[in-house]
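Each chain gets a letter, A, B, C, D, E and F, in the order it is written, and its residues are counted from 1.
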Amino acid sequence: MSAPYVAAAVQWAPGLTLEAGVERAEAAIAEAARSGASLIVFPETWIPMYPYFHSRSADRVSFARLYEQLFQQSVIIGGAAWNRIAAAARDAGAAVVIGVNEREPRGGTLYNTLAYIGADGALLGRHRKLVPTLSERLIWGYGDGADLDVYETPQGRLGGLICYEHHMAPARYALAGLGVQIHASVWPGWETLHPVVDAATRQLAYENACFVIVAREVMSAERLPAGTPFAEEPFWEADGGSAIIAPGGKYLAGPATGEETILYAELDPRATIESKRWVDSVGHYSRPDVFQLRWNRTPRRPLVIHSEATPPELADAE
Amino acid sequence: MSAPYVAAAVQWAPGLTLEAGVERAEAAIAEAARSGASLIVFPETWIPMYPYFHSRSADRVSFARLYEQLFQQSVIIGGAAWNRIAAAARDAGAAVVIGVNEREPRGGTLYNTLAYIGADGALLGRHRKLVPTLSERLIWGYGDGADLDVYETPQGRLGGLICYEHHMAPARYALAGLGVQIHASVWPGWETLHPVVDAATRQLAYENACFVIVAREVMSAERLPAGTPFAEEPFWEADGGSAIIAPGGKYLAGPATGEETILYAELDPRATIESKRWVDSVGHYSRPDVFQLRWNRTPRRPLVIHSEATPPELADAE
Amino acid sequence: MSAPYVAAAVQWAPGLTLEAGVERAEAAIAEAARSGASLIVFPETWIPMYPYFHSRSADRVSFARLYEQLFQQSVIIGGAAWNRIAAAARDAGAAVVIGVNEREPRGGTLYNTLAYIGADGALLGRHRKLVPTLSERLIWGYGDGADLDVYETPQGRLGGLICYEHHMAPARYALAGLGVQIHASVWPGWETLHPVVDAATRQLAYENACFVIVAREVMSAERLPAGTPFAEEPFWEADGGSAIIAPGGKYLAGPATGEETILYAELDPRATIESKRWVDSVGHYSRPDVFQLRWNRTPRRPLVIHSEATPPELADAE
Amino acid sequence: MSAPYVAAAVQWAPGLTLEAGVERAEAAIAEAARSGASLIVFPETWIPMYPYFHSRSADRVSFARLYEQLFQQSVIIGGAAWNRIAAAARDAGAAVVIGVNEREPRGGTLYNTLAYIGADGALLGRHRKLVPTLSERLIWGYGDGADLDVYETPQGRLGGLICYEHHMAPARYALAGLGVQIHASVWPGWETLHPVVDAATRQLAYENACFVIVAREVMSAERLPAGTPFAEEPFWEADGGSAIIAPGGKYLAGPATGEETILYAELDPRATIESKRWVDSVGHYSRPDVFQLRWNRTPRRPLVIHSEATPPELADAE
Amino acid sequence: MSAPYVAAAVQWAPGLTLEAGVERAEAAIAEAARSGASLIVFPETWIPMYPYFHSRSADRVSFARLYEQLFQQSVIIGGAAWNRIAAAARDAGAAVVIGVNEREPRGGTLYNTLAYIGADGALLGRHRKLVPTLSERLIWGYGDGADLDVYETPQGRLGGLICYEHHMAPARYALAGLGVQIHASVWPGWETLHPVVDAATRQLAYENACFVIVAREVMSAERLPAGTPFAEEPFWEADGGSAIIAPGGKYLAGPATGEETILYAELDPRATIESKRWVDSVGHYSRPDVFQLRWNRTPRRPLVIHSEATPPELADAE
Amino acid sequence: MSAPYVAAAVQWAPGLTLEAGVERAEAAIAEAARSGASLIVFPETWIPMYPYFHSRSADRVSFARLYEQLFQQSVIIGGAAWNRIAAAARDAGAAVVIGVNEREPRGGTLYNTLAYIGADGALLGRHRKLVPTLSERLIWGYGDGADLDVYETPQGRLGGLICYEHHMAPARYALAGLGVQIHASVWPGWETLHPVVDAATRQLAYENACFVIVAREVMSAERLPAGTPFAEEPFWEADGGSAIIAPGGKYLAGPATGEETILYAELDPRATIESKRWVDSVGHYSRPDVFQLRWNRTPRRPLVIHSEATPPELADAE
């Protein structure tokens, strides 16, 4: 069991463009590391921004224009912009969990992705949100069961979920089954979500007996470039709500609202021992004779190519 | 979809004996019905009382004495005491959910049971807590997967869980899969549990898109008969915390603390429609291609006798 | 191979309520049968109506109000309203394919469902749209691979797809693999869709060598009850576009636009022979050594209960 | 994402001989490049000609004479005639997609091949038609699953299909899976095919969200050398029908008929973003949990020789 | 090794319709059995007839008319007409090998099928021609590698090939590998084929050391119903050429030409011993260190459905 | 494709000794060349003679004497006798295929070898019979898969097989896979073989769509030197049977019997085009998805020495 360490939740406004987003990520990682953080969590789809406009599809032209901008500014994991973030993590010597709008090199679909970078800058993995929430479905495709995972880090086993995935009991239970100890919990920063996030994350800290690092961004329409459609709409207003919660549900930091800030807390991994003594939902507090969750982790591939001549990125070893 | 109706959470101190418990139950049912309630929920093992002493096993003699008293005052479902409660429900024309210390006629084990009575006084069913929490295991046996259920009532589909069962994601998900609309949530009334109950029940109201009726008792050592062991201990102090929560997590009544009371709220079943539009965890917000919960509902019977000569109550058709 | 028969595509405005929708369905079935039709196809989610408001989620209150109305007026297959439609089919002696907003008795999710009734009034089956299109995802859940099917009828093998499912090459190919001969193709009646429907359905008639009966409704905001939100919006304007197409892509009737009408055409099943002589996409024109479509027809169940004590409607024989 | 560029569809009559075909190809490439085209598509088996006589096998002598002429004038990829076309592409600085009657140096079978040349004159690849259509089977062998591909070019990912391959749903889906952005669609120029091509290519532009460049030739019996068998037959009459279609199905140029011409259109790659937002058939609009296309890309070799002494052109690395 | 037995090759004209074909099959089986035959072979696609018109696709209307007639009169194995043939075999106590135009109940493609019936009337198996020859490809689809087989009968191991399949060295070798002892060799009766059949079947008798029963039909345009298209064409003239050949290539009966007849010969299974002493192409005369034929017997299925709810005829146990 | 040319089949009696054999070869090559032949084929093991005595092993002494004579008169390829034949070919400007009894310089085993000389006198290659037939196994060893080949010549691709190798379907198929156009087919001249050779070679001309030049010698016991053992036996009587066959199986010359002669025919390479249009067994008439022949062409070496000190002629780079 590792020593206590400092974790950080970055509650900054998004960059709005890929370039600005990466620059801000580099800055935030550096600052948090200077403050001692060895684990840094950024909000949902923070690069380039959470698509606040997703409920505005009635205006097809403006919606399409915003979507195209988002697509053009989205992240390809392993691409040049991404690699700058990874390098920042490596330079800071800190693990980074960051929400991005992601697409694949050949793909035409965006995903709401939570990506994990190790302190050496290597990609630990990425998880695509399983079910976008209501009008988010106009922006993002659905992930699959293959990429949800928990990563061994010097701080402990690190996992996470995105926004309303916290309402998917099986997803939470799956992470418990993998032994998660630190949970990155990313959400938009809308004020109306505050009580929802409060209940979901404290409950998670109890039932999964893990630390929860809640990262939510601040945003306002004033930050938008001139001419952005819907700029007068209130849904651009987000005031954060980031927090750090101990196993069992006690706030260690935050919730912080209304300002750009980075929250810090010292996390002592030993706390999970006491918490699991009360409830180990996949151990002494489980009833596997009654309930068994079957998790199909097969990647969802619409097309499977099998031949030695196949381009490696499409090959399926099966 | 049914019309709005009034639900009640009874936050009274327990009777401590079977006789007193039944009398108090009769009184509370009558009072709540007079106030218009057609659905009335009582706290965890309210008859005869929650066994506050369960962590005092270090004193073997006193512990045994208290346990024997509890055993003697426990409920046999279908027995005479039980039938008085059922009659009270029938007379009130209200459905009743009530926590009891239960044993079987031939049995030597107590169970932490939540029992459901229809407005006609008929037994809808009963659920024995699946995993007692820590030292509760010195009092109660473990239930099985066969008795967790949801019941069709005029108010909608009624189910419930007991205390830390709310931390069992599969149990909550199982109720969602049965289409629960009203959830009876029973807990002890300890103050330390307040934030836990707050998070668990609001989160439940969100992820299962159901009404939650939280019933927790008040209690204090002063109520104990003279000579009760450990009477000076603070764990006898419970100050309620009952509440009624709407789908989506908003408090409709409570949380009430510090006094004996009955909470009321009008529940409009249509609220579940809007709530499930956001999150239907077993419908549009599920990923059954990824996660499938397998629920073994076969009763756990240590002994299965098969013979024509078997006493009927033990016979197993299997 | 059966004799020639008359098929009909009903291009009527929807009833807007469940009651009015059923009445109109009864009337249309009777009228089409009087005109000799033995197969009658209704538009997408015609009962109670296609949810034209689906892109209006930005106005949360109005959207929720319309959604709740839709939910309340939706169809439970096997319920009373449904049985009246089935009886109308039986009385007319005609097979009926009809789009409905469907929900399950216990469910909280709506589905975009195409239901098939035999000439004896029996339910042949129902298919839930696999992927709702963009903002439709705010209304309907996703179907699974289990219910897509082709039914043997006196007129031939009958199948169908819903709207943009026609853009899912695997779905079309799956129907071809089941030997579809008559394809019910249902879409909204928006004018902007006319060229899309024209290409998709003629192409389908070619590649699957089947008859295609295109049913699309007419609608206008004037039909809405007073006070309906968004009533001034142009998306309520639908002008039909129904048609009947021969194998190989030639229009036998329609496309008809701008008026309530029922289209008729005599279909001679022998036409599929000649059409498949040119392209039998799962026979002589297939390359199964190169391409094989794997269709997972297992129902997607988030919860599987196994026990002899299980309520039959939830039991899973697996 | 690349900048907008000009694409061209060459609707010229074929050369009828290999020499004349190559000369005409050189001229057309040069002309199109002068007009700004950086991507040029020629019709199906344009070199030396589409074998209009394929349904005339009843006259065995004349048929055999025409077949032998076709065989003698067919293209060996990498041979001298081919290299002149490749050089023309290089000189023009344009990618070229061209249909040819192809044979292998040692082979006795002709193939209906679509060959891709990069702007540097290098062979990108070639695809042999998977299933010749009806009497075409008297002329061409069957290709295999190994050569269907999509090529990265400065204009985007370039692929294509030949004639009735557009009716093979799996083939279209396979290209979508490779991320095709520009689709070369080659067909004979018969007038009776006009509605078929219209539906197939517009539908393709929708379901694969790609640009479609339709190349179809003009031809008439008058162009034939004196003494050609069957010269009086109407099947020699082809009047083009070339077109350029945007993602989503709108015509950008054409369909042009009745004359020799080269069609041009400016293609803006960003259009695929908006089109895939509606339908990404292998992304957000796919259901890989239900449908999975398995593509066996192993070359079909009747004979596999393994030895170090093997002539390299026959060696199989397997 | 079985005792000598009598084999028969039926050289009768086809029935032209399904009904007449079955009647004639019944009559021929009865007659041959009366003459002592316990194994009876009929010509290629004898029911209802070999499609002599296959090279006449230039006249699309007449061709389509003839094709439709053929399709309507084709055989569904296991259907009523088929069962009458099977019953005739059972009544005669003779194994029957018969060529039929076959289709599947749901299918739109015809196959050139050779079907095997045991002396008890049970279906031994059926083989669909692997590659139709030139313009035959306008009539029949391609079989796969799964149905080529050799059947154990009281007379020995029985197999066969259809027409130009005899030119597929791997197909012949595959039968040798299965130990074929009696080979049913079916061809059209055109006179121009006589030397081809002579060489192919004698060579087969040598290299596979088996008996070869050659069945070819007689036919003339005069037999056609009035109004049949192309009735004046010489390709309707077929004059048989049936024969029975011993292992090693000696004619035991025939070749018979110019008349309807049934050929008989007594076959002594011991003859294969001597013949294989000279050449056992898969035994002492093989060189498996040099040559290995890999036979992929996987059925070619364009669509594979996997679920317990699958109609049995589509289920794939894989 | 090359111009028509004249091929010759030499049907002369063997020389019986190496010296006489070479002299007769020189004479026959010169004569055939004078008659215009540019490709000349000699019979099986024509130098010095086919070992007619191979079945006489019962007389061990005589058999051994004849074997020793044969061994002494056998050919070492590249040796002096051989070089005279090569020089004759060069002088004649004709390609020569000739059967010889071959041994290696260090070897103790004879091989039945078919050797190919180019028109420039260079050795194209040699093939050792893969499986000697029955008592031939007392004379010759077995060749391997490494030396079977097809050679590019001005006349086309030239290959061949020896006697009963024509009954090895994989060997024929291997040559087809190499694109053979002219096949040298060598056999003994026994009369009993006439029908076997007729069937095998015509069938070969059909299935491999190639010219077949059949060379068989005449021989009689009268030609033997006095004192030759078994001279009275009829197996010394061979009366030729040489022939030249067109692709598709038509005799262009022969079969000639009963006399020493040289057969000639003009071969037009274009004939293979028409023949492969019907059957290209490794092209359009193949089913590589079903059958794949794997040919191990690695030389079979009992001893592989690897060391820098190894004599070069034994070194193996492997």
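One rule holds in what follows: a contact is a pair of C-beta atoms (placed from the backbone, for glycine too) under 8 Å apart; a residue touches a chain by one contact, two chains touch by 3 or more.
Since the model is a prediction, treat every value here as computed from it, not as a measurement.
**Q** Would you kindly state whether over half or under half of the residue numbers at the chain D/chain E interface are used by both copies, giving same or different?
**A** Same; most numbers are used by both chain D and chain E.
**Q** What's the farthest chain from chain A if centres are computed as the mean of the Cα atoms?
**A** Chain F.
**Q** Counting a repeat as over half of the contact pairs in common, which of C-E, D-E or C-D repeats A-B?
**A** C-D
**Q** Working from the CA atoms, figure out how many degrees chain C turns to land on chain D, in steps of 5.
**A** About 180 degrees, rounded to the nearest 5.
**Q** When the contacting C-beta pairs are counted for A-D and for E-F, which pair yields the higher total?
**A** More contacting C-beta pairs are found at E-F.
**Q** When the C-alpha atoms of chain B and chain E are each averaged to a single point, how far apart are the two points in Å?
**A** Averaging C-alpha atoms per chain gives centres 75 Å apart.
**Q** Rounded to a whole Å, what is the gap between the Cα centroids of chain A and chain C?
**A** 39
**Q** Using mean CA coordinates as chain centres, what's the chain B-chain C distance in Å?
**A** Centres of chain B and chain C (C-alpha means) sit 45 Å apart.
**Q** Starting from the mean Cα coordinates of chain B and chain D, work out the distance between those two points in Å.
**A** Each chain's C-alpha centroid was found; their separation is 71 Å.
**Q** In chain F, which residues are in touch with two or more of the other chains?
**A** Those would be 145, 173-174, 176, 277, 281, 284, 286-287, 289, 291-297.
**Q** Where on chain C does chain E make contact in their complex?
**A** 1, 145-146, 157, 173-174, 176-179, 209, 270, 272-277, 280-284, 286-289, 291-299, 317-318
**Q** Given the complex with chain D, which residues does chain A contribute to the contact?
**A** The contact residues of chain A facing chain D are 64, 67-68, 71-72, 105-109, 138, 140-142, 144, 300-310, 314.
**Q** Could you please specify the touching residues of chain C with respect to chain A in the complex?
**A** By the definition above, chain C touches chain A via 55-58, 134-135, 137-138, 170, 233, 235, 302.
**Q** In their shared complex, at which residues does chain E touch chain F?
**A** For chain E paired with chain F, touching residues are 130-131, 133-134, 142, 144-145, 164, 167-174, 176, 195-196, 198-200, 202-203, 206-207, 249-250, 277-279, 281, 284-287, 289-297, 300.
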